[in-house]
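Quick one: the structure is below, questions incoming.
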Amino acid sequence: MTAQLLLIQALNGLQYGVLLFLVAAGLTLVFGVMDFINLAHGVQYMLGAYLGATFAALAGSFWAGLALALPATLLAGLALEFLVFRHLYARDHLAQVLATFGVILVLNEGARAIWGSAPLQMRLPEALSGGIQLMPGLNYPVYRLAILAAGLGTAALLWLLVERTRVGALVRAGASNAPMVAALGVDIHRLFMLVFGCGAMLAGFAGVMAAPILSVEPGMGDGVLITAFVVIVIGGIGSVRGAFLGAILVGLVETLGRALLPDLLRLVLAPSPARQAGAALGSMLVYLAMALVLAFRPRGLFPARAG
Amino acid sequence: MADLPPARPGAGTPILALEGLRKRFGGLTVTDDVSLAVAPRGIHAVIGPNGAGKTTLIHQISGTLRPDAGRIRFAGREITHLPLHRRARLGLARSFQITAVLPGFSALENVALAVQAGAGSSFRFFRPAAGEARLNEPAMAALEQVGLAARAAVKAGALSHGEKRQLELAIALALRPKLLLLDEPLAGAGPEETERLIALLGRLKADYAILLVEHDMQAVFALADAVSVLVYGRLIASGAPAAIRADPAVRAAYLGEDA
Amino acid sequence: MPRWREAALPLLLFALLGAAPWIGFGEGYVLSLLARAMILGIAALGLHLLVGGAGLVSLGHAALLGIGAYAVVVLDAARVTEAVWVVPASILGAALFALLTGAVAVRTSGVQFIMITLAFAQMAFFIAGSLSVYGGDDGYTLYGRTELFGRRWLEDRLVFHYLCLALLAGAWALVGMLLASRFGRVLRAARENALRVAALGFNPVPYRLLAYVIAGGMAGLAGALLANATEFVAPSYLAWQRSGDLLFMVILGGLGAPHGAVLGALAMVLLEEWLGHWTAHWRLIFGPLLILAVLFLKGGLAGLPAQLRGAGRG
């Protein structure tokens, strides 16, 4: 493994990390503010990818696809909130887990019914296709760098929104003490809907951006959802900062782990078992990290809740 | 009690001794160098205005909070670093300020669980616990002691507020404790219930050591054998009720303000 | 008398399952469906002990079942098919995994417990997928069903049906007994208020851990049976969607009594099958039904009569 390959894997890890952050941010805010476990958050990501790919194909342009998919995922999120989720805020986590699990079944199957089981392709935007030379002998796709930049930009925007605005202050207060915010006379329902819609749109945004480099298929949101849960549990539930650092950490650990472990294990094992064990260990690494964090810091690395 | 270190003989040996207890939350000192000794019989009341740190003190004694500094000795043994359940095993029973009876269990089963805690291993898997006379008879006796025997079969969640208070006491008594920590047992009780509870505490104090945190001053001065006054986390006075009533510092800091 | 009434519905259920082959449900296809429901019922009963008894919502229960199934695979590949070895290996394998992961998991609670059980299950899922000697992601087809004392009893559909039924009834009795015992009382109390239970002198951790291990052993047994029922084992047995299904069985049936888990398993398996006949996209109907059940059927199927009575009065 050369330094160049290492750098490429690190960039891939960062890019995966920012995508994870976009999904995890909505998840952690929804959980922090509403104490609501939304397993269906992953299908918002899938929905973003499908809608982006479909609109882009219809309009013949990536940018049109992106521009249409964002409001569409926002609407889809608000519709789900209205139809299902708002009836679950007062219920326990068990009911929330199960009902949102039902939503996953429906939307995954719905995607299969509408778009079929075969993966969909979304074309790269013309302006962002091709590679760029980062250093002699090292080409890196422009589009992946664009994802990284867009993800970091969104993270910065979100940070400004949450840390510097009045609505953001309410969201932060809600994440640490929701009853108190309600007692202040804030319309907590409006706040919930806002957070929910934004979360859905962020996940959809991640889905659109991932669509050209991943295969768009039913169930593509499930894996991302579980990894995003790992992210927010590691980062501390309710904390946007924790979600960001957790996402970058998980993105790097998973990508580098999968890339490096087979080579590292080859030092002690024969090539074939080393490749197998390395792949398995690489997939497990983030779960191992989460178990370690929970065992020693049950509230995550950056807990948002006080007391 | 072979594991106790040799205690000084005589009834005067305190059952509970706090030495230099200190607890801070961020910049706020909620327990500031508190030292206190509780006699093995009778009621020792801790009073103080709201926010004086009474509940924090109870939490540190019972083990739900760890003090930052200082020591807690109970029944001749240091317990400062023991977790809640170990302290309970040593004979330290507490009631909760917000009642914490098990709402889905009947009153009898609530108390029977407390009896079970002291009746050998609970890693028993075959016999239905609800039918064990060994657990139910002492539980019923404790319910009788607090005057709740008639309501034994009622789910605890369906009891009135005052009855839940009585149930809390029955649970604590069923543990056969060496010390009862009672955190505002009269809070929220109606006048009749209050009277009944005061009479009950008056009976109990002959047999038990009780550390009582209470806002109802009439009840405190009617019941207590010793009173300690906590203000902003500091103990400003400790002594017999009459002496406390006369203490000018107490009057200035507390009674005057509250009256 | 009330104890007899409580047992009436589950006993009727078991009697119906026992009579099924003789009252028109004796076809191989129907029997294999019922066997699947009963096997998942055994795993769901263990999960009922956790969710309904200890208040521990596990989203990783399928991993324990899968480990039980993979124990059969590992022994099958080594040409060991004798039940005397296979069944204990399945039970102990799953129980051991439950012990190791539970030691970390039961120290957490609420959403953290949900997530950490999910995480451990995902780890097991990825390990199963990487075992290329046992087919990797494609799964492993058994050479044959498990034998008992060298005889191929389990090949017989009726024998297998009644074996599953007997084990299901046994599991039901076991869970009921555990919940009523001193041990179960501490578990149930810790679910209602862990602080109160600690203040009585109980440390809830060992009780919860033991419940987790017992539920693991039950899931392991179910895994051994499931491997035999399908004669095929794949990593998808451990997938988190399967864990969600198991959790749904427990809740759909009702948390009020252990037989709810049995009822839920039967209902889920049969409903899935029935809807699957109508359309390939049966989940489009199944999903909303599940959501509606969560929203409106709060006592589950087992609590339905009481809920209807209550609605009639109201």
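Labels A, B and C are assigned to the chains in the order they are written; within every chain, residues are numbered from 1.
Everything that follows uses one rule, which is that a contact is a pair of C-beta atoms (placed from the backbone, for glycine too) under 8 Å apart; a residue touches a chain by one contact, two chains touch by 3 or more.
These numbers come from a predicted model, not from an experiment.
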Chain pair with the greatest number of C-beta contact pairs: A-C
Closest chain to global C-alpha mean, per-chain Cα centroids: C
Chain centre separation (chain A, chain B; CA means) in Å: 49
Chain A and chain C: spacing of chain centres that average the CA atoms, whole Å: 31
Centre-of-Cα separation between chain C and chain B, whole angstrom: 43
Junction residues of chain C - those touching two or more other chains: none
Residues within chain B bordering two or more other chains: none
Contacts with two or more other chains, residues of chain A listed in rising order: none
Residue numbers on chain A that touch chain C, as the complex places them: 31, 37, 84, 87-88, 91, 93-95, 97-99, 101-106, 108-110, 112-113, 222, 226, 229-230, 233, 237, 276-277, 279-280, 283-284, 287-288, 290-291, 294-295, 298
Chain C residues within the chain A interface of the complex: 51, 57, 59, 101, 104, 107-108, 110-112, 114-116, 118-120, 122-123, 126-127, 129-130, 132, 240-241, 244, 247-248, 251, 281-284, 286-291, 294-295
In the complex with chain B, residue positions of chain C that touch it: 177-178, 180-186, 188-189, 192-193, 195-203, 206-207, 210
Interface residues, chain B side, partner chain C - complex: 62, 64, 83-86, 88-89, 93-94, 96, 100-105, 109, 112-114, 116-118, 121-130, 132, 171, 175
